[in-house]
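Note that the chains take the letters A, B, C, D, E and F in the order they are written out, and that residue 1 is the start of every chain.
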């Protein structure tokens, strides 16, 4: 089994990424996700820089982005990601009522996606414009 | 192949649902999704009432909910749902920049979900509290 | 793009499988699925023999098996499989009301699967016995 | 982490749902799924009423519905749902031989869904009628 | 909960499969996967013979096949399969750098699959030839 | 519906990415995937640079990487991606026999993933080391 790579044991290359994560997120340590990805410093760096760019507030705020991330993780059934992005969304301001609505929408979308599949519903002309 | 059930050919039970959809959404006709579900009036009614309840603005606004719906549909690869919820999200106010960010977050979440799976990352203690 | 391999153009090895499909199912020709798989005679033969063994009436009858097959195909969003197994289930006796219930159960399961994921529900002790 | 809401600690609204589940299913307590959903009484009520309607014997009996639910849960890899619906299906009459056949069909469908995807098999004309 | 069936407790039919697995793979015992499938000797035998045929070196070597198996298992989020096929791929020669690249490709494919879905990209004419 | 952005209509920022794709891959034009992503130049650039880094021959050669990409795309049922990565893998050297084996392994992995889920097989101690 792979083991997490702690800061003390990390290469300069990995430490540079950890430092940027800690600074960007204002946290004292990085999550396990990064400590495992650190086995591949190239993927660690690319993934962090991609996540940083994608999750930066833009046309959508950080909270909305985290709730979308959570909805996808719940759909895929990724246990680690559900746990970490629930925490991240809460930190960004998701309260209990918001969490409940993210779950309700995610559940409903997964249901109607299958109803549309099963009834083989053709796309409305209006949606093709 | 099932065929859509148009208002003119619908039973009173189905028409009542169509009328409520048209009134709630202020649209002249219902989408194909409902015209196919109409083959099962019980599921039509339950699904519409559930969608109406879930998608009503609450702790989250209509736009945020539609973008989450879209992210789930994209993750599942449901062609009909991607088309219809892209349209619904645009109607609720999603502009080009927002659409692009929903896609970017959805793509990134699908990627990191698999990295977390593959590296078998254990959940951080902090996420279990 | 691969093209279907018709009986007239098939090798003796492929024809033997086609013949067995036609005889077992009492049909005049095989579906496109087999005509494409025929590009790999080894997979064609293994898949057909596996499908034949699995779908043979046993503890479950043919109709129940076809409805399960359809529910899985709808969940995965496989367009070809939804079309072919809807047809197969109808041939095995699935009427409109049964189809509607297969869809309703499939949709609901996809919804509650995500609610269970998102709320991180631990397995009840009773289910571990 | 969310915690289960036990009957003693539940609101009147939540207790009403728990009471209906216990009465409908003739069980002394509700499963963890409902105790977690209880954090959102609106979703709890809607989900229970939907599940009750969908799973009621109709054109399909309770056992067939539970086996379809299980097949979907196995396809999605939802650990909680696999455990709970295996138990529910057994209670509805699924024996060892039936369980084995549900698994065999589910596995085979997941395999052939991908073969159809990968070989890009076009839908047969006969399935479009 | 089902329990694993050990060699000492297995029927002659199951032992014959276990013996063939041990001989083919040159291992002293079979993995849990087979010990659970043994509850259905027919599926045990069919699955083993299929896996043996599919995973045999052919146009692709054993290592390449195991890495593909791992990529699929990671995509589906099957915990058992990720663990067992990581071990199998390592045994077939996958080193740390190769594992990292399998993960990177799997993650990227999952991301771009959703970008293609969400942007509703039509297939290029060149890919239809 | 979004439309593809052709080189002649592209901004300097987008053209720079198109130029790099054409040079890196030695092709006269870019695929539709990039022409649609071009609606979001930031995602276009990040995705291309990530794909370029990930797909560069390293511990694994280009062909192996493309076959893994294809296996994931087939598992997810992404029609565009199956078409484009089948073409890419062929260009990298995948012949008919190799394609057939990628499909066979992908199909089998999807099947056994579900058997492992459904039988709730615990991870072998040996895989936890």
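The definition used in the following text is that a contact is a pair of C-beta atoms (placed from the backbone, for glycine too) under 8 Å apart; a residue touches a chain by one contact, two chains touch by 3 or more.
Quick caveat, the model's predicted, so the values are computed rather than measured.
A.B. asks: Hey, which pair has more contacts between C-betas, C-D or B-E?
C.D. replies: It is C-D, judged by the count of C-beta pairs in contact.
A.B. asks: With centres defined as the mean of C-alpha atoms, identify the chain lying farthest from chain C.
C.D. replies: Between chain C and the rest, the longest centre separation is with A.
A.B. asks: Rounded to the nearest 5 degrees, what is the angle of the rotation relating the C-alpha atoms of chain D to those of chain E?
C.D. replies: Nearest-5 rotation angle for the superposition: 120 degrees.
A.B. asks: Given that chain D and chain F are copies and touch, would you call their interface same or different according to whether over half of its residue numbers are shared?
C.D. replies: Homomeric contact, same residues on both sides for the most part.
A.B. asks: With residue numbering as the guide, point to the option in A-B, D-F or B-C that repeats A-C in over half of the contact pairs.
C.D. replies: The same interface as A-C is formed by D-F.
A.B. asks: Among the chains, which one keeps its Cα centre farthest from the Cα centre of chain E?
C.D. replies: Chain B.
A.B. asks: Roughly how far is chain A from chain F, centre to centre by C-alpha average, rounded to an integer in Å?
C.D. replies: 21
A.B. asks: Where the CA atoms of chain A average out and where those of chain E average out, how many Å apart are those spots?
C.D. replies: 27
A.B. asks: Got the chain B residues that touch at least 2 other chains?
C.D. replies: Expected reply: 1, 39, 42-43, 47, 50, 54, 75-79, 83, 100, 102-104, 106-108, 110-115, 117, 119-120, 128.
A.B. asks: Give the list of chain B residues in touch with chain E in this complex.
C.D. replies: The touching residues are 70, 74-75, 77, 79, 82-83, 102-103, 106-108, 110-115, 117-120.
A.B. asks: Show which residues of chain E lie in contact with chain D when the two form their complex.
C.D. replies: Against chain D, chain E makes touches at 39-40, 42-43, 47, 76-78.
A.B. asks: Which of the residues in chain F come into contact with chain A in the complex?
C.D. replies: 1, 42, 46, 50, 53-54, 127-129
A.B. asks: Could you pull out which chain C residues touch chain D in their complex?
C.D. replies: Touch residues, chain C against chain D: 1-2, 31-33, 36-37, 39, 43, 47, 50-51, 54-55, 58-60, 64-65, 67-69, 71-73, 75-76, 78-81, 83-87, 95, 97-98, 100-102, 104-106, 108-117, 119-124, 126-128.
A.B. asks: State the interface residues of chain B toward chain F in the complex, per the touch definition above.
C.D. replies: 77, 96, 100, 103-104, 107
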